[in-house]
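Each of the two complexes below includes subunit A, the first together with subunit B, the second together with subunit C.
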Partner chain A sequence: MLGNHFLHALLALCVALTQLVPCLARSATGDRALLVFDDRVDEIAQYSQLIESLREQHGLAVDTVELSDKAARVDLFNRDIRLYDHLLVFPVKGKHFAKQLAAKKLLRFTEDGGNVVAVTAPRVASDSVHQYLNQLGIYPAPRTQHLVDLVSGTDVIAAASNASLNAHVYSDAALVFGDSVSPALLDNRPQIIPLVQASKSSFAVSANKTREQSWTQGAQGYIAAAFQNNQNARALWLGSTQALSNANFAQNAQALGEMLKWTFQEKAVLKVTGVSHAHADSGLSYDQLPYKVTDDVVYNISIAQWDGDAAQWAPYVADDVQFELRQIDPYYRITMHALGADPRDATAELYSTGAFKMPNRHGMFTFATDYQRQGVSYLSEQDIKAIRHLANDEYPRSWEITNAWVYAAAIASVIASFVGFVFFFVTAPASLSDGFTDDKKKN
Partner chain B sequence: MSVQEKRASAGAAAEPVVVTAAAAAATGSSGCTASSAIARALIPCILTAIVVAAVSSRLFAVIRFESIIHEFDPWFNYRATQYLVSHSFRDFLNWFDERTWYPLGRVTGGTLYPGLMATSALIWHALRKIGMPVDIRNVCVLFAPVFAGFTAYATYALTRELKDKKAGLLAAAFIAIVPGYISRSVAGSYDNEAIAITLLMATFMHWIKALKQGSIMNGAAAALCYFYMVSAWGGYVFITNLIPVHVFCLLLMGRYSAKVYVAYNTWFVIGTIASMQIPFVGFLPIKSNDHMAALGVFGLLQIAALGDFVKATIPPRKFKVIMLVSIALIMALGVAGLFALTYAGLIAPWTGRFYSLWDTNYARIHIPIIASVSEHQPITWPAFFLDTHFLIWLFPAAIFLMFQELRNEHVFIIVYAVLCSYFAGVMVRLMLTLTPVICIAGAVALSKLFDTYLDFSHTLTKDAASGKRKSFMQVLTRALVSASFVYYLYLFVHHCTWVTQSAYSSPSVVLPSQNRDGSLAIIDDYREAYYWLRMNTDYDSKVASWWDYGYQIGGMADRTTLVDNNTWNNTHIAIVGKAMASPEDVSYELLKQHDVDYVLVIFGGVLGFGGDDINKFLWMIRIAEGIWPEEVKERDFFVNQGEFRVDSQASQTMKDSLMYKLSYHGFPDLFPNGEGQDRVRGQVVRSSDVQPLDYFDEVFSSENWLVRIYKLKDQDPEGRELSDVAKFESAKGTKRTSHKRPQIDLRV
Partner chain C sequence: MAPVIPKKKSAAGKEDIQKDFTEAISLSLESYKKQVRNNPKLRLIDIFCCILVAIALLECSFVALVQDNYPFNAFLAGFIICVGQFVLLMCLRLQLTNPFQGISKNKAFGEFVIASLILHFTCLHFIN
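Right after this comes the complex of A and B.
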């Protein structure tokens, strides 16, 4: 027994030690990153602090590619194998770049699960990045336009407010964007998470003398936005390079670091570790005993959240996880209760609907959890099961229904009186039937 | 098949004797005992020969093609039978089928007539018990021919009650090979009708016996046969109404007797209670209007019995008054009661199928789903001749002969004939119930004719007795008439064989065709495609197709379907109709909502197969329009001249519809210059007419493009419309971004 205790203590110590040592791989998906930039636009030295933070804080293995060199190649894929987990694209210009990083290639990278940070800036025509962002529903202003704010009196652009638009991605902070900001229009799709909105008094102006239509006016424009596709690949768009440069990095480090953590899947990453449903009374699963109408059923789901700092999964606690039972239309939408850590897997939180009664309707029902909240991974779990009708012998028998007793008694009395009549008729003395038979004979 | 000629031997007044023509010469002069003994031996032989002929003439389909289940409905019956032999009978009765009518499912056990499956499962188990483990498919394939044999015997027994054994044998021979019956009972045609006609004949046979003898036993036997019939076919309603109408006619003719009373009451009480044991029928016999005639006649019969009793006890003058008053009272009460109950909803209103029996245009106007079924169309004149040949003109003659005798059983046949002639004229499929009565009537007429004209015994026997010779003319007329009718019989056999092998023996799952050199080519696209589905798709995949192919997909491909040939839910069918008639994006949404993975269409344009989905498309549109008149409009699918076109002049709605795109996707590219020749419509479809598919991927087209299967694309992970995705994907590589401000919705 003593040896056993000692072993346990040793194990605990080991676990504690591993957590003390700063762990480098903090992303839930991987640590290979590629940074693409163009020296003709900006010297990479301007971003040394950012790159250092990527290596130190985010624990990424960062490769860099400089694209003013025509010989440089950008390989995101080796045949069909994705080579990087994260891609950072700084403003880059030229046809060579467009060929190396075509919009389709970028989109494929996203759809394959890669995370992208794209930075655009006025005066640089990164066509393929623009096309890629357009596909995500983010429309940065053309290179001729930049954001100005005539009311504030300074050239420096500020956000509409310091309050965070999405707490899952970053917390409140006063971000600095410098004086060269490219605003963007965002479309309506739910995958887009707006991060920084332009102030009401700002608008986009064209540097050209031509009378170009202003791209954004006031709060219509955005300076930063995040995107999470349905497969939980993430992207971050920033409309300003200056926000990342060494000059402003100190002030922006906190908020930007959080945005990058979000984008590199270091936080707000959820996964479902287990889904189950069973009879509420007996605990038998569907496979053991299929459900029928009006059965009591309980549905459980366990959700874990990636803790990037500790580099491990931890229970995810929320009060808005809903279960849905549907057959085209929902029959139930139940907000589930968090029951604490899942006894089978301590790294996940167990949610339960409690017992609910199956609708009195047979058919194919979908047991679904569709947890789609902006800023955290989308969870979508579906299980389609057939709910059968009552079998012929599962209805209450006639003698159990008191109303039926009247009819049963009626049937019994008719039978009894018929048998009685026949008995009487057969055994009655001849004198009684004499008159009757005589009449008949006369006829 | 040989048709036997019959004659009565001279001295056999007590018992009719049947002999073959060949035996006639030998037995002609022999005595009465010898010939009756021969007859007794011959009848089983002849019946055996008839049964053999009935079975063998139905095997064309197996010999030409293979032992395979035919058409559409049989595939469901086959699947249900498979379920029954692999599960218990209780499981079968409570079968909830989650693989059809997704996501509603179908309470299959409670919505089918289990008689057919139960019978073949019984046969299967019995064969195993005696050490013959036969595959259930073969039991199902050969089910109909075997029961056709039983039908022949039941018809013999029925006709024997009408006239005599000679007529019975003729009727048996007729029904054994008549095409009108063969059309529904060839090997592989594993449908409810296969067993139902047998039971129809058996029920009628017992009914007539019960009526003749006033026998409770026969009445009960009729009720049991009726119960079996109820368990096997929805057409049992025909018996439910025919027998009461018969009894009603007898009452009107003043032929009430204790026999009628006993026979009807026995049949009605036992039959009704028994029929309520079938889950699908349930309480219909006391609720539905279709059954009210039987109930009404039951009541009327009690009143008639009471009247009979009263008549026997009081003077006739008083009785007349009582009768008139009570009849008026009963009529008024009965009609008012019927109206009140129907109005209160206690009696189910008449069903649409019933209305379409009276008004052939009713379905066309009100219920497209019923009108769209080909077998619900009115019959054509040539079909009568095709299905019954010379019997069709013997039929009226026979009815005339029945009127001359007009015993109770003849009234029955007359009522049967009148009702069925009308109904067959309304619906093609009811030709099936008319055919037996045509055979019976034809046999009675022909046998009467032969009684007179085939009787040469006079000529041979009188000769010796009186020394007087029959006139030559009399012999000649007899010979002529007999010979011509024997020739007709020969023609009949010839016709039946020809029709059976050319028209009614195609499984329709496999299509016969001819190579250029005239040899037989088999077009096997259906099975090819269904097998592809079975082997290449996920077991839980949902396949959307028009309802015609639902049973086949379930049976052959074993995949979940949205709608099938059991057209119980019009709205669900309309959903598929709307998906087919709508533009791609609308259909995609609709199909995704129903978790559809694959869409299957039948396209005959390459092969020249007329029964394809484009030709059925108007029905899909009409059925969808019935539910969503705002979204699907039949008018939009026609060109201005009111034509239904598929070429470059086709309306834009037509070209945008999913059905059009799925059918013609890639079709013009098969031909030089992209000018596709649609061999069914005879129109030219060009590449420019067929818009690209953005929401669907073609995954399979069978050898002759008869069956085309498409997969729904996954939703775009970035949340774009799939049409935008396709636009982006098809755009050429490094295009400059347009600096136009995008037209996007206000962000909320």
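Right after this comes the complex of A and C.
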């Protein structure tokens, strides 16, 4: 008994200690990262600044695996438990790599919520990485094909500071990709977020002087793209290793830092902290007083956004959060107003539809917020409630409806005429035998 | 020659039909006047019927005027009471002019009153 108490106290102390230690990780999901590279392609020393920034600025615990050594093993999972939150894959060659880091493994890692940075280069064919990217809908050029831009007058491919295609991922920063860039074609699925487009005057050429067809021509090619799957796991693809090397790191630090922050879930991560709906007039919730048709209802939702720099949640302010009331078809689609910080939870922004009238139709209705924007986490909140019809004593009576007065007057006049008719009929002097029957006899 | 004769015949037939028609109308009007001349009860029934038709027409024109049948149950109640009362009056009239076997005229009148009261009761409930 005493021992049990002691264990409990120890456990409580441990929990308290872990809460006291300030959270150093900037990512909303975790700080375990694995970097996979191959010394035969590039010396890791070339990326020392990148790795340092991963450790210092992004607060990641980075493990590295060098795959030219055949004894090296890459374990992303221990049985079914994911060992890393983030994975960076540099171009790696050889069959050993294909076995250790098969496309299936990478996909499973993404599907399980892991974030992936995949870098491809024209010199190396990393088959499994290409297969993995193809599964996402990103089709990098085959080996030997690299991007050239004959009009620009230089071999170096670069992106201007306004080249970003998605401000949630990165913005207002220039990028230098170097002279060895592998462009990619992108699928048009909504999970893919194009980041940097190849210039109009660029195209892919093969270094082998063969008559191989050009993989991309002009602006159909992309140099960088991001991907966010339906579970909000993220992936980043870069078509150039030189963009990450020490030679260009100082120039690229800002844009790359933003891209990596996005990929490692350090920004543009949203969560719903609270959903509520209630009667607009009385403030009673559905549980206290179920809604009936034509009731006035107000719907609120609180949305918070992860602020990686401050390592805390902050209100997310936007003007395009929409509410939908559905019964198979949407009956309402209301753009909600941001009302400022939620009074119950200051780290979230409160959105409200304002009062709206339930449609004059009973049945199961879905109160839904489906916020799916490229570059931020997808939010999907649904609440299904039964809306009842009016009870038989809740309809307005005839005297409350002015139109019904006409019909009521008609009924009253019919009844009054009937009473008069009966009175005159009974008091009518003539006997019934007069008239018709007499004529008949005469005829 | 043959087709001429039917033509002539048909022209004559048209005139004949018109003649027959006016004759029939005047005859029926006359017989109707004769029927109600000495019978104030029948006249009373007919007046009541006219009132009912007028009320029903008023209600219909009101619906057409506001272009909305919103308290539809109220409209139905108001219209059906007119129709129902009209039918009951016709039944009474038939029995007065041509009594059914075994049912006296007074009994027919009593049945008419009871049926009417039930009709009024139903309509008053239906409007609310």
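We take it that the second predicted complex is superposed on the first by the 367 of 443 C-alpha atoms of A that agree within 3 Å, B and C clash if a C-alpha of one lies under 4 Å from a C-alpha of the other, contacts with A are read in each partner's own complex, and residues count from 1 in each chain.
In this section, a contact is a pair of C-beta atoms (placed from the backbone, for glycine too) under 8 Å apart; a residue touches a chain by one contact, two chains touch by 3 or more.
Since the model is a prediction, treat every value here as computed from it, not as a measurement.
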*Once the shared chain is lined up, is A:I415 touching subunit B (first), subunit C (second), both, or neither of them?*
second
*asked:* For A:R333, using the defined touch cut-off, is the partner it touches subunit B, subunit C, both, or neither? Pick first, second, both or neither.
replied: neither
*Please work out whether A:A404 is in contact with subunit B alone, subunit C alone, both, or neither, and reply first, second, both or neither.*
second
*Figure out whether A:F424 sits in contact with subunit B (first) or subunit C (second), or with both, or with neither.*
second
*Please name the chain, subunit B or subunit C, that touches the greater number of residues in subunit A.*
B
*Which partner does A:P190 contact after superposing on A: first (subunit B), second (subunit C), both, neither?*
first
*Which of subunit B and subunit C A:K357 touches, first, second, both or neither*: neither
_Where subunit A meets both subunit C and subunit B, residue numbers_ = none
*Report the residues of subunit C in contact with subunit A in the complex, numbered from low to high.*
34-42, 44-45, 48, 51-52, 55, 58-59, 62, 66, 68, 70-71, 74-75, 77-79, 81-82, 85, 96-97, 105, 109, 113, 116, 120, 123-124, 127-128
*Residues of subunit B that touch subunit A when the two form their complex*: 90, 93-94, 96, 98, 102-105, 107, 110, 279, 312, 540, 593-595, 715-720, 728-729, 733-737, 739, 741-742, 744-748
*Hey, which residues of subunit A end up touching subunit B in the complex?*
95, 98-99, 102-104, 107, 110-111, 125, 127-128, 130-131, 134-137, 139, 142, 144, 185-191, 194, 212-213, 215, 220, 227, 229-231, 233, 327-328, 362-366, 384, 386, 388-389, 391-393, 443
*For the complex, which residues does subunit A have touching subunit C?*
397-398, 401, 403-404, 406-408, 410-411, 413-415, 417-418, 421-422, 424-425, 428-430, 432, 434-436, 438-439
